[in-house]
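These notes open a run of structures that come right after.
Shared between the two complexes below is chain A, which has chain B as its partner in the first and chain C in the second.
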Partner chain A sequence: MSADDRHTLRRLVRHRGVQIGVAIVALWVLLAALATPLTGYDHSAFDPDTALDYQNVPPSWWDRANLPPDVEARTFLAGTDDLGHDMFGLVLYGTRYSLTIGFLAVAISLLVGIPLGLVSGYFGGWLDTLIMRSIDVVMAFPTILLAICIVTVLGQSLVNLMVAVGLVGVPGIARQLRAEVLRVKQLEFVQAAQALGFGNTRILFGHVFPNCLAPIIVLATLSTATAILETAGLGFVGLGPEPGTPEWGLIISENRNLLTQAPWAVLTPGVAIVILVLGFNLLGDGLRDVLDPRLKKR
Partner chain B sequence: MIRTLAAVVAVALLAGCPGPDSQGGGTVGTTPGLKTFVFGRGQESVTLDPANATDGESVKVIVNVFDTLVRYAEGSTQVEPCLATSWDVSEDRLTWTFTLREGATFHDGTPVDAEAVVFTMERQRDPAHEFHQGEFVYWKDQFGAVEKVEAPDAKTVVFRLSEPFVPFLQNLAMFSASIVSPAQFKQLKQAGGGEEAFTNAPVGSGPFKFKEWRRNEALILEAYDDYWGGRPKLDEVIFRAIPDNSSRLQLLKKGELHGMDGINPADVGALEEEAEIELHTLRPGSNTAYLAFNNLKPPFDDARVRRACALALNLDKIASSLYYGLAVPAKNLLPPTIRGHNDALPARPQDREGAKKLLAEAGFPDGFETTVWTMTNPRPYMPQPSKTAQYVKNALAQIGVKAEVVTKEWSSYLEEVEKAEHDMAFMGWSSDNGDADNFLYVLLSKDSTEIGSASNISFYRSDAVTELLVKARQEFDLSKRDALYQEAQALIYEDTPMIPLVHNALVIAMRKSVKGFKIHPLNELRFHKVDLE
Partner chain C sequence: MRYLLGRLFSILPVLLGVSLLVFLLVRAIPGDPARNIAGERASAELIEQIRAEHGFDRPLPVQYLTFMGRLSRGDFGTSIQSRQSVSGEIARRFPATIELALSAILLATLIGVPLGIAASLRPNSFLDAGSMAAALLGVSVPVFCLGYVLILAVGDYLPYAGRMDEAVLREFAPRTSFYVLEAALRLNGRALFNALSHLLLPALALSSVPLAVVARITRSSMLEVLGQDYVRTAKAKGLSQRAVVLKHALRNALIPIVTVLGIQTGYLLGGAVLTETVFSWPGMGWFVVQAIGERDYPVIQAGVLLFATTFVLVNLFVDLAYSKLDPRVQLGVTK
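Up next is the complex of A and B:
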């Protein structure tokens, strides 16, 4: 580890936004992993009949007057919905879906966006024009609309939802990377490598790409937040996984009829989305503060 | 931090916005000075051609635009004179003669005469008829016995039947027998209109005439001044489709709607205390929600598998929790409100162990994978289709059956289940005419299992049951007829081609300013006598 890297790392660790962001994300990952032992709620072994005895039970901190004694005896941190799901357990369990979809969708964005951005920026010419104009066309569509189109064409499933959210993120990654490549390929060490007669592939992956990583890492983190939001949005409009899957957007949509009777059934997943998205955004912003050379030493 | 803020706002919007497919702020122009009654419902009508309608949303409009020869009396399923003032049946019960009312006219000004009745009926009966366009699903089930309809003179209509048919008169009061204006059909054809022309310009002789239909926005009817039964008190009736139950209720509370159906069962309790709103309730209604097995597809071609699935469900819990106590658990497909209901059959208890045993006997000791289909929008008999499906999925999981929930939008849902593409599918039926035949024959006879237009979407093809049901159609001795139905229901109970789940209450909410509305056991929403204060 070079002195410069150590310096960056120290700045990262000391950054307040990064600290909070990492804490939130780590906490969520931990909670998601421990959902069942923590809350006693097991989504895969859910007994629908006993659960129905605990329908629309208010959270333990809510006004719990007029509850039958056997219902009152059980506490639910975030209440239950009308199928008797423990909302806290269900939402924590749903974190697995949101995080997985978020990460994999961004992985798809990167997998498609990085080659496009590299090729476009490095080779330029007609290839650049072709790729960038195509991306302009894609960007002309509102992202949610585009994602809806993709899901409609591919068919409705968890995987396709991921693909849709991932593909929607491609233009951002590709454009950002292209801009970086355009900057880096002017630098002397790249010209030196070219003068030494290195092949394009070697220059691209050995010299150019590693020096474009910082902004991509920032963008990927922020994209994860967007991906989680978009997933929830698609789940809400019914283009997500099948009903009954504890995906946050879907839970909100399924329980919206309870808004007056059992608001906690809608608010819990809503609050979960806010916190997790906030965590990723804080982390992303912090990373940018530290990694972006233009913001350095201010 | 702008991005963070944006995210927070987006989530707030996401949690707060009314629903995936609601029309939010779609405003309907109401003309000042007119008495305009606005009714909110969950779905758009499919067609306004009475002979081709099969869904409740279409019927709600049709009964206000069209008249039938006889109609159901207010608050009961007894028939009373409507366009026909009197009728007579021959000794052999094969010839029915109707005398038509003087002075009834269609909205286009032409008289309601015997020719119009013949046109209405022959159009559905005769495949060679110039206007025989459509499926006419109801004709086969309800009027299959009609051989010929004749008009000896302008005010007399004669129906000739091929066999005695008990529910005949009852069926004539149904929407599908609504008398349509032949002149309108001919004129539309001359103007080059296709099969769908009449649904966009329907002409009947009912208290309201069709004005305008902006799909998914508003369907507008206006009072027919020359209605034989007296001009309606309302000037206009507007039907608005608002898919989301909560948004619809909000609009009712705000006064943008005067009446609505499709209330979240969860909201009913709180509504009873609302000062501005009056709830009209009938519990149980004449309807049944059921889970149909596709008896053509393995493993549901095995009665043991079907019985096992039935044993996995707790119908009491469904009625008390998912329907918030508004529904009563079902024993039979036929609701207890309808004559012929077999009350002697035992309620099906939940028995997971018994279910597993049956599955093992049928060769599925470890269960199997399948799908359970449900509709995206609430239906009168099923206010929570998605949650009910989740309950069934979870309950089936307890006996090892892994069911995936498949949701489809209503019109494609109907189309695909009629083609037998489902494994298990939720469906329901609201009585059309208060007769047992309309439930059992339509939904469980072999004759209604034609792929593509089946109303028996269980595709249950029992010869014994069909024979009993056909016999009952011709048995004029009502106690003997009841016995036939009870025997059929016992056989059906044993075979379990479907699981009758619950009979839901009819709940209509009206603002207190609405006067003269009475809930009807067949859920007919007639606005002729309704007034606004």
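Up next is the complex of A and C:
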């Protein structure tokens, strides 16, 4: 590790936004992993019959007058919905979906977007024109609508949800990387490598790509936040996982009739989305401040 | 003028690409629209007949050319579900989405720009930190969650479903679907007030992300400009704070703000899909989502194409606005 890297690392560790962001994301990962022991609620063993006694129970900190004594005896940190699901437990299980889908969707965006951006920026010419014009076309679609179309075409499933959210993120990655490659390939060390007769693959992956990483790391982090929001949006319009799955957007959509009767059943997953997305946004903004000051404007 | 024509010409391939992509995506959706219309137990002959009627039996390139040919005459086809002309459905619903999106962008600008300016004038102050924290929260909230929070908070006082109360609507008898605009032009105070009150909550929910983004970009763009020499000169010659900020700094900070506003329209049109669902807003977004569920090809094609065209045109406008905002930007001059 060079002195430069150590300096960057030190600035990262000291950045307030990065600290809070990492703390939030780490906390959610932990909560998702420990959902069962933490809540004493096993979603896979949920029994609708016994749960019916606990319909729409307010959270333990809510006004709980007029509850039957046996219901009042049980504490529900975030209340229950009309089927008797413990909202806190349900939302923690939902974290597993949001985090997994978020990470894997961004992985798909990177997997497709990075080669496109590299080739487009480095080789230029008709290939560049073709790729960039295609990206213009895709970017003209509102993202959520495009994602809806893709899920509908591929068929509704968890994997296709990830693919849709991932593909929608490709243009952003490809464009950003192309701009970086255009900058880096003008630099002397790339020209030196070319003069030494290195092959294109070696220059591209050994010299150009490593110097384009910073903005891609920033964008990937911010894209995770967007991916989680888009996943929730697709779940909300009924194109996410099948009904009954504890996915946050789907929970909100399934409980929206309870809004006045049991607002906690709608608000708990909502708050969960906000906190997790906020965590990734804080982390992404912080990374940008430290790694790539030129990007600060955007 | 020549530049304008050139730019208009340059968006044509993009729009052609969009139309082709939409056409192919829609055809790739599994499920047979003819069977959807005919019902589960329809005879094979009936399904064949429906297929021929709608042209689904012809080869794909022929279908695409027919679609484009009709499109060039402004004919979007007939909805498979409602059997109404799609153009009519669009004329009824697109204005609802336009009113919603425009109000949201208006709210975002009217609140976001002053907020960003205020934050930039006192960097690292309480106001700055507070508004930037709020902006970060704004981009982290899904619009549908915010919609429900708004309904919970003020739903007792403000309407949160539809565009106008039944009784008012019957009395108003609008001739267009631009309710707010028409009520204002006809000087119908009651209808205008009713339409605006229905618009407020969905527009607020939809404006959260653009508002946050506009506030952030205004702050950073202003900070950059405020540090420049000519701003110091303006201050040194004793101009009032107001003149320095509004005339000298803001004008030069506008380009990134306008760019972001253009990009945000894309988000707004997409966000409208979700917002319209929450607030039962009878606009295009909701309509297209329903059409996807029903495999209503002509409606999906027309709807998505309309959204994409709007986005491309808005961004063309943004490009054209650059030269107005900054005379140094000479349109059509390439290095």
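Keep in mind that, in the parts below, the second predicted complex is superposed on the first by the 293 of 298 C-alpha atoms of A that agree within 3 Å, B and C clash if a C-alpha of one lies under 4 Å from a C-alpha of the other, contacts with A are read in each partner's own complex, and residues count from 1 in each chain.
Everything that follows uses one rule, which is that a residue touches a chain if its C-beta (ideal position, glycine included) is under 8 Å from a C-beta of that chain, and two chains touch if they have at least 3 such contacts.
Being a predicted model, the structure only gives us computed values, none of them experimental.
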Regarding the shared-chain residue A:Val22, is it in contact with chain B (first), chain C (second), both, or neither? neither
Partner chain(s) touched by A:Glu254 [first = chain B, second = chain C, both, neither]: first
Touching A:Ala107 in the superposition: chain B (first), chain C (second), both, neither? neither
Counting only touches as set out at the top, which of chain B and chain C does A:Ala193 meet: first, second, both, neither? neither
I'd like to know which partner A:Leu77 touches here: chain B for first, chain C for second, both or neither. neither
Output check: A:Leu267 vs chain B and chain C. Expected answer is one of first, second, both, neither. What do you get? both
By the touch definition at the top of the document, which applies to A:Ala214: first (chain B), second (chain C), both, or neither? neither
Quick one: classify A:Leu12 as touching chain B (first), chain C (second), both or neither. neither
Tell me which partner A:Arg133 touches in the superposition: chain B (first), chain C (second), both or neither. second
Shared contact residues on chain A for chain B and chain C? 225, 229, 232-233, 236-237, 249, 252, 256, 259-260, 266-267, 270, 273-274, 277-278, 281-282, 285
Contacting residues of chain A [partner chain B, same complex]: 46-49, 52, 55-56, 82-84, 222, 225, 229, 232-233, 236-238, 242-244, 249, 252-254, 256-262, 266-267, 270, 273-274, 277-278, 281-282, 284-285
Which residues of chain B touch chain A in their complex? 1, 3-4, 7-8, 10-12, 14-15, 19-21, 244-246, 264, 266-267, 270, 314, 317, 320-322, 350, 374, 376, 384, 386-387, 389-391, 393-395, 397-398, 404-407
State the interface residues of chain C toward chain A in the complex, per the touch definition above. 13-15, 17-18, 21, 25-26, 28-30, 136-137, 139-142, 144-145, 148-149, 151-152, 217, 220-221, 224, 256, 266-267, 269-271, 273-274, 277, 285, 288-289, 292, 300, 304, 307-309, 311-312
Going by the contact rule at the top, pick out the chain A residues touching chain C in the complex. 133-134, 136-145, 148-150, 152-153, 155, 225, 229, 232-233, 236-237, 249, 252, 256, 259-260, 263, 266-267, 270, 273-274, 277-278, 281-282, 285, 296-298
